[in-house]
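We call the chains A, B and C, going by the order they appear; numbering starts again at 1 in every chain.
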């Protein structure tokens, strides 16, 4: 029982982290039509900046400063690089963000090295929030959940209750009309891109010390975030939310299950030996299969429900 | 930016010229290893040979079909694995398979897996397609850890290409013989892929790239067009993978199936030029030069690569091939001489900018990686102290001045280029009016 | 008699908004029909429904007696219906000749062949040359489509549309954006290339409409309120009201007031 509850909580916190990332990605995609390949690179930058900054002025200030810095970098990139490529079409846009992700990776390796950096949790977030039947649920993970929900709430409030939020919502589907109404849409784009980068960095600040901070972190979570976005339905925020939670919970549970088809068969009296046909496949435990579950889900969704869980029809 | 169309119309009017180009290509393939005789050169030429096939196969998707794939290494890698297992079976005598047919086995494997994964992949287009290829690439890479029997675990799968009876006296033990095998496949594959561009499917693939919606209204199912092209690209990718397996006699999952490798194909095909048929060949040459030579010169080569790629996407999205073709066009109208001075200015200011930036990058790398050796390093014949403010300020100043000069020159050049283009357009119109 | 195109109580809603509210139409083979109506009446939507770009919410669409609602665009195209677009929809990076040749490939049965060379397909090449001549773009044979002038692109648009030899041709505002002289020449072109075919065209230019069409269908708020010869339609009271609206009502009121 406690395994179920703890795993569920862990899965939800991981899923919410995925949502923090995929929501920014979905917003940028909805508005600008460009899927920002460098989104998880901003996540990584957030973690690394926070590591360095918290070493100087502490974690809690870094929680504010790091995302702001990354947001600024994102806005600059949009202004000088992405905007220039916009007229060439969607493929060059994707390529330029791909180039950026590559560049950020190399710069990170250059400045901080190839190995994992010791970006640790601050005192207030160490230790368990509560202990359930002997298994702990860490404070840091619950903080992620809190932060994700706060972020979601504030973004929703921004979009629906403020004037700039209304402009952004309108520009999501009709940028030219909004520009004709006199709003500085390019600046709106720049702000949204920078905002998305800042949100990704915020996820990195807390994700980096809860999990691990290393150059490979961008790639590791990157492909899963893209799977979330496609499975949820391109451009659908609600779909991204659903898909994030599903994948987060699915993977967390799967990693803990050591059963395989072979153990199942053994329970009904059928033994699988090294000579059995396909024994490699049958003896794979679910934990071993866990890393590919999101991709299997992607393939299944594409076959049976191509527009995603909650996607709108593509034009 | 007007680019000349692929294969089609322009070249169709000069079949003699095309024959010359193919003959030259064949001659180069045969003679290059005789001219560059070192074993390093031979290794590099061999790699260029099969990477050319791979990059050309990638461009069937990117340049001809407008399909951006982040998972092409799946098909080259799986082709390589099947080829290496086939060679091992043949060595044991379990199957009859001469070495020269091994790449075809790789090609068939690539084709079959492309048929399998391609069905799901080509259901979508554009950005979604790219994300799906990424997902499937990760899927296959992750699955490789689950089946050590086929993928050989950490050490990969090794083989011996010298087995069975020699083919016409060739054992393929020496690198020279392997090179000529690669060269033969390269020539034939390139020819076949070029022929593809002149077929109904090849042309419809271009149409799908330009306007997928319109294609549906002239009777074609765009998904089928993409799917068949995907399978054909998978076939040639597999051939490239099979040749790689023969060349290195080892295939390793973490290397051959990785997203990094897919990214490399993308990067260099784009650098070479996706809008012209021969662009990917240039890309393959650059790939080998960068990974073998440039990596020796500086530890920061990946960083420079990323910068060059980013700049290319922003300023010359047609790649090096397009730069060549644009200048050839200018030369044909006799305007190239006037631009040579500008190119010199760009090169000089660019060099200054590069010098400053590279000095800073090298100093950072030195601090990071070679700290044990002390803070002094040599950069292009100048001694720098990575820990002294003077070196840093100097580098920064040079970089800043260089960037300012370069940008100023670039803007003036861009205007001059625009003027030249206008002059050429006027000349074309005059020619048309006079001729018709 | 089997109608070339038949619409039976066709309805289309986007979300809660019903755009096409029960459209009925029956076009005989060989007829030239112009579809007119005020802005927002749903003319382009109607074309999109017929050609398969959108799916109908309810109702039937028949092509030569066969139901085509619910079919995908390429399936409808293969059954002999072709359409052009209001916003030019050509293959920008291919030459004019290549554009036309792409249009003929399927109808000549070449399908997904990658074992034949385009250069060797004499029938396709001849047909493309023929089309080139018909739309009078001979001199621009090898120019990239994106480098053509606007009027030339519109001509190419028509060329691609008729390339496949479809018997039913839908033209969506073919003369949009053209000057008077260009329009006149273009109408002549359309008349030539659609001889013997069934033609449906959306038009705003009344001169074009009355000059080109055998019959006019008037679409107002997603319904066909009139479908008759041009003169009958001109005199139709409902049509006048729909176009002139309050002006007519005011005039009538002013008259009544005396």
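Just so it is clear, a contact is a pair of C-beta atoms (placed from the backbone, for glycine too) under 8 Å apart; a residue touches a chain by one contact, two chains touch by 3 or more.
Note that the coordinates shown come from a computational prediction; the quantities given were computed from them, not determined experimentally.
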Open item on the list: Using the definition of touching given at the top, classify the network of chains in this structure as line, ring, star, complete or other.
Closed with: line
- [ ] Kindly work out which chain lies most centrally, taking the average of its C-alpha atoms as its position.
- [x] B
- [ ] Mind checking the centre-to-centre distance between chain A and chain B? Centres are C-alpha means, answer in whole Å.
- [x] 31
- [ ] Return the distance between the CA-based centres of chain A and chain C, expressed in whole Å.
- [x] 47
TODO: Mind checking the centre-to-centre distance between chain B and chain C? Centres are C-alpha means, answer in whole Å.
DONE: 44
- [ ] Going by the contact rule at the top, pick out the chain A residues touching chain B in the complex.
- [x] 29, 34-35, 81, 84-85, 88, 90-92, 94-96, 98-100, 102-103, 105-107, 110-111, 113, 219, 223, 226-227, 229-230, 234, 280-281, 284, 288-289, 291-292, 294-296, 298-299, 302-303, 306, 314
TODO: In the complex, go through chain B and note every residue touching chain C.
DONE: 2-3, 5, 8-10, 12-13, 195-196, 198-204, 206-207, 209-211, 213-222, 224-225, 228, 232, 432, 436
TODO: Going by the contact rule at the top, pick out the chain B residues touching chain A in the complex.
DONE: 62, 66, 68, 120, 123-124, 126-128, 130-132, 134-139, 142-143, 145-149, 259, 263, 266-267, 270, 300, 302-303, 305-307, 309-310, 313-314, 317, 361, 364-365, 368
Open item on the list: Touching residues of chain C toward chain B in the complex: what are they?
Closed with: 51, 72-74, 77-78, 82-83, 85, 89-95, 97-98, 101-103, 105-107, 110-119, 121, 139, 142, 144, 146-147, 160, 163-164
